[in-house]
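Below is one structure, written out as structure tokens; comments come after it.
Going in written order, the chains are labelled A, B, C and D, and every chain counts its residues from 1.
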Amino acid sequence: MDLDLSSDQRMLLSAIEPLLAQHRQLPQPAAPDYVVVGGDLDAALDAAGFYGDADGFDLERADAALLLDQIAQCPFAVPAMASLTVAPALGIALPRPIALAESLDPRVPIRFLAQSRTLLVAQGEQVLALDLEGAEIVPQDTIFAYPFARLASYPADALRPLAGVNAQQLRDGWALGLTFEILGALRAAHALTVDYVKQRHQFKRAIGAFQAVQHRLAEGATHIEALHYLAHRAAIGGDSAEIALATSYAQQHVPQIVYDCHQFHGAMGLTLEYVLHHWTYKLKALAGELGGASVQGRRAAQLQWSEAA
Amino acid sequence: MDLDLSSDQRMLLSAIEPLLAQHRQLPQPAAPDYVVVGGDLDAALDAAGFYGDADGFDLERADAALLLDQIAQCPFAVPAMASLTVAPALGIALPRPIALAESLDPRVPIRFLAQSRTLLVAQGEQVLALDLEGAEIVPQDTIFAYPFARLASYPADALRPLAGVNAQQLRDGWALGLTFEILGALRAAHALTVDYVKQRHQFKRAIGAFQAVQHRLAEGATHIEALHYLAHRAAIGGDSAEIALATSYAQQHVPQIVYDCHQFHGAMGLTLEYVLHHWTYKLKALAGELGGASVQGRRAAQLQWSEAA
Amino acid sequence: MDFTWTPEQQDYRQHLRAFIARALPADWEAKSNYDPGSPYVVDFARDFCPALAAEGLLIPHWPVEHGGGGADPWFHWILGEEMFAVGEPRSYQYMNVNWIGPALLRYGSAAQQALHIPQITGGSVFWCQGFSEPSAGSDLAALKTRAERDGDGYVINGQKIWTSAASFASYCFLLARTGPTKRDISVFLVPMDTPGIEVREVMSLTGRRSLHEVFLTDVRVGEETRLGEENAGWAIVKAVLHNERIGAPRYIMAQRALDAAARVLRQDGRFDVPSIQAGLGKARAAVDACQLLCFRIIDGRMKNVSPGGETNVARYALALADRAVGDFIGEHLHDALLAREEQTILTQFRRAASTGLGAGAAEIQLDIVAQSFLELPRSH
Amino acid sequence: MDFTWTPEQQDYRQHLRAFIARALPADWEAKSNYDPGSPYVVDFARDFCPALAAEGLLIPHWPVEHGGGGADPWFHWILGEEMFAVGEPRSYQYMNVNWIGPALLRYGSAAQQALHIPQITGGSVFWCQGFSEPSAGSDLAALKTRAERDGDGYVINGQKIWTSAASFASYCFLLARTGPTKRDISVFLVPMDTPGIEVREVMSLTGRRSLHEVFLTDVRVGEETRLGEENAGWAIVKAVLHNERIGAPRYIMAQRALDAAARVLRQDGRFDVPSIQAGLGKARAAVDACQLLCFRIIDGRMKNVSPGGETNVARYALALADRAVGDFIGEHLHDALLAREEQTILTQFRRAASTGLGAGAAEIQLDIVAQSFLELPRSH
């Protein structure tokens, strides 16, 4: 047992810090947009080799997950997840950015589809890879802080099944990545709120001095701390059960923490100029991905108490 | 629309008040028991005609339910419910007290079985009535504040189906009665707790002056107020859907309110001498009856949004 | 108790529904996005409200001598339910009907009434509410905007924030400090085209023109714009807030969203999943709870019971209901949210994000419930 | 990070399990009711603990010179998990191992250690903890029990309440006021058979002899019973409480209860109901969350990091986990609760009712998390 980050992980954080430091805040004056895609940050991460090119880093799964946590603390929408926790698990080099889907249904909006060069689809037991070069992609306006688009059509020969990989590997990598994206965004939204309630006064004292506010922020902090360890346990060689458990926990606690962050921010949190919604409206999207907390919890229970056990 | 009690209902409350006033508190010094059956109160209610004898009151369903709310605010376990909201709906005079069951399974403990003369069973579409005179009944020690017992055996000729009544009528009356039993016990436990936190000091001030305590008690009060109206809407000619909705709401909010009552009472609430557990350990039993909040919520949804709707 | 509607109330609701069905275009949902501040809805309301007035449906509960129908508060409530259910085609004119008009009838001078009431009852005017300030949200005692005596009028300086409808409203129901103590507040009925008023829309998650900043620089107004006595604003606001807190039956949108959710889930073949059904039922119970707690307030108005902590109980129940439905949608209707095809579901999900913020934060409702309803000691 | 056990730790756990399997009778569950204060368990512990000591399993983490195994804190934690999982057959002797012994080793005189340590390491003695008083629960500054200097000793007067194990313990780790200011508190190691001590069991929902009142009337003790300096009790208690707050891995009972629940649900044919599976998974996540947050504290002990708000985070997570599992049981295992056949399920349901009460109320954990972990301003 050792519950601290490893020295390698701390080195990784140091290595990424200068790059992330430039992307912790939205450009000022901020454009009041629902979605701000962090294309620059993505390109910089790619150029620095964090997505595991031939001469880049060869990150362990837990290190890639740690990176995702850090990236998700930036307010931008960055198409990093599939490249960090999914593609490496499949062991095949694919043009990135990569989008993920549970089906090829043209009605279902897919996160980062318009920003991606490859779409990976978990279809039954199979993983399909679609080269998006010639695909027709229709952007979908949503209320979330991620770009979504639908796949209207694609050349028949652009789709191929990936041999030797199982859809479960894709789903596990996806759920794990999703968990760390939630973790990072929760940290950022919660920290911003803690900071805000220290500054903002109502009834002649800091909002953060009200006990009811304190208790809800403390409960949120407890969940974020817990998620940190559940997520890392899942990342470091955790099996599908431990991944589903962490994903379920992450998704389950999004609504209350997001509600509290907005509640304690008052109307300020509703304005597009202010940064909060870039995290909370990512979180609202992530909380429903892969079926949401109940589906993931169910999966964890099935694996934990399978007939054999 | 009129959301106040009717003048008949206020008269009923006045009529019952002197009787209930004698049973609002446990005898002192209290015997530290898990279960205190209010046999005296039941007999007094019976003698006063509240259970609807030939020359007693002929209560409307909503009035009978109101009475149950009042009775449930007494700390005693009183076998009143089936006589007040179930038997009248079936329109058949049966020896009372009456116990209710969802099956004749000898393994399942039944509330008030040992105190009853009749057992009504909702079996499929049928209602069965069992004369308990010659039945073999095994008391079951539980952690709840109601007496439970199992039905080990009974004379074959003691069981008869009730013609012309539907099991749904029984289940509706049961769910409605259960809802008012929860309402009354929640009121009593919550009021006791509000009173306690006004008296009890910690860190040099009343516990009730702490904002976090206030907010949780205020939320509990909101649920109890809401339940009052949901329950009465169900009682006054409400259909099965409105009954299931009220029952679901009642059962759903038991755990948090009960937890808070105990939490704010500290160790005092755990002592058998103190009255709190007589309500909370009834509530814990009632919250699981008839399948619990999810089963009732599901039923409400099925009825609300049936295919036809 | 009685939970049924009278035949007259039922007729009124049917009349309203029939009117709405005729008045709203077929593509209303898609074009309006149920967003009361959108240019489309605001423009629409400029025709819709006069038509509503012409039909005698706009102010059923106002006194007959002011053009109302003289009906009881239930009719007002039914009007609100039916309007809110279709995304409020009156746009922000609902405020006129709910509390601005009534405040003018109660506190306004003959001249003020003569000027404003016909505009309101004609359905042709928008108002905005100048309460919140950068350093005074729920805490009106911290108000900084000042109105200084200047000749026979006042000069107002300050800043308002989060003001809904400010960029298209004709008048502002404005609070300003007119004396040294924290309760020395007056209400002014300020034309929004008065020189010195500058408005900036703050783009928001809650819809178009729902939030603005309003800057007041040497805004000169005559004494005739002051509502009631000088420094009597606190009492006016207190009365107003009780009407405003449960002024709109917002739970009706949650109820409609659940109906839509049940329909979508049935189409998707997921309606029979037990956990989904249980979630639907529990969410519906939360919405009905809120509805009944609001009904109690209207019942109290019927009986001239002065409102107490019950108003705050109802207001808090709204936050609970909105969240219950919003959370259900977030978990089980992710695809429908992404597809944006069900405006009711989407609107409810968006509303749920800001429930418990407007009209006094949810936490403040709980403080009041604890202290005035449960009679617990003050917490600070 | 590393979430695996070393081979030595695994061996130790296996060794423990094998010992427990041999030592506990076949009807242990039925006879003990997992109730550590029941006469049966207390009697059992009087043989069990010495046997545990003889096997070298009682105090693995204590220093070798005091009869311990010199092992690291993880071994202590594994011991706790395995013991708590079977309803704590050490009865209240777990307190000796967790914090009373360590406090004596750190603050005790040579004579005190010579008297007490062998009894503790031999597994033959019960202690109780005299902290709470009728008017001082979580608030030790309100302590009223006084120890007045009298010759070369003290006379103690006062009352303790909620004291676990008081009716069968040999010693009390007693707090009393020894000076005028609120921090002037000292610790006394008081033999329970000292004249003037009267004990009354308070029958409780949490099990036999878990709550008592202890009345102290002119209780004369020698100076040699005082632990540490006079008025130095506050520092001792602070250190002790950090050990006590997550002293016992109580989550393990919640984990076992969920295992039992899954088994019962499978027998009943309800395991495959989606909502039940989802509830099981979420409850398990809450339990694992608590376990990992406790692990962090042990990891901190390993690295000599002085404990901060993390301890309170872990303590609060225990309340959340206990409630998650308790609520799941209450809703889905009603019949199993009534039938009382599954002691693990029943015990967890009972425990959940009082979780967040012992060792500083859950609300106080949240206060500390807010103020020391999030660095929010004091709330009062």
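As a working rule, contacts are C-beta pairs under 8 Å (C-beta built on N, C-alpha and C of every residue); 3 or more make two chains touch, one makes a residue touch a chain.
It should be emphasised that the depicted structure is a prediction, and the values quoted were computed from it without experimental measurement.
J.: Along touching chains only, what is the step distance from chain B to chain D?
T.: 1
J.: On the document's contact criterion, could you list the chains that touch chain A and likewise touch chain B?
T.: Where chain A and chain B share a partner, that partner set is C, D.
J.: Looking at A-C and A-D, which pair shares more C-beta contacts?
T.: Counting C-beta pairs in contact, A-D comes out ahead.
J.: If you average the Cα atoms per chain, which one ends up farthest from chain D?
T.: Relative to chain D, the chain whose C-alpha centre sits farthest away is C.
J.: State, to the nearest whole Å, the distance from the C-alpha centre of chain A to the C-alpha centre of chain C.
T.: Going by mean C-alpha positions, chain A sits 37 Å from chain C.
J.: When the centre of a chain is set as the mean of its C-alpha atoms, what distance in Å lies between chain B and chain C?
T.: Between these chains, centre-to-centre, one finds 39 Å.
J.: Averaging over Cα atoms per chain, report the distance between chain C and chain D in Å.
T.: Once rounded, the distance between the two centres reads 53 Å.
J.: Listing for chain A: what residues touch at least two other chains?
T.: Residue numbers touching two or more other chains: 205, 210-212, 214-215, 293-294.
J.: Two or more other chains touching the same residue: where does that happen in chain C?
T.: Counting only residues that touch two or more other chains, chain C contributes 274-275, 278, 363, 366, 379-380.
J.: How are the chains arranged in terms of who touches whom: line, ring, star, complete or other?
T.: Basically all the chains touch each other, so complete.
J.: Which chain C residues qualify as touching chain D in the complex?
T.: 273-275, 278, 380
J.: Which residues, counting only chain D, touch chain B once they are in their complex?
T.: For chain D paired with chain B, touching residues are 132, 135, 137-139, 141-142, 161-162, 202-206, 211, 275, 323, 326-327, 330-332, 334-335, 337-340, 346, 349-350, 353-354, 356-357, 361-363, 366, 379-380.
J.: Any idea which chain A residues touch chain C in the complex?
T.: Those residues of chain A that touch chain C are 32, 107-109, 140-144, 148, 201-205, 210-213, 255, 258-259, 262-263, 266-267, 270-273, 277, 280-281, 284, 287-289, 292-294.
J.: What residues on chain B touch chain C, complex-wise?
T.: Result: residues 1-6, 9, 62, 194, 197-198, 205-206, 208-211, 214-215, 217-219, 221-223, 225-227, 229-230, 232-233, 236, 238, 244-246, 248-249, 252, 293-302, 304-305, 307 of chain B touch chain C.
J.: Can you tell me which positions in chain B touch chain A when the two form their complex?
T.: 210-212, 214-215
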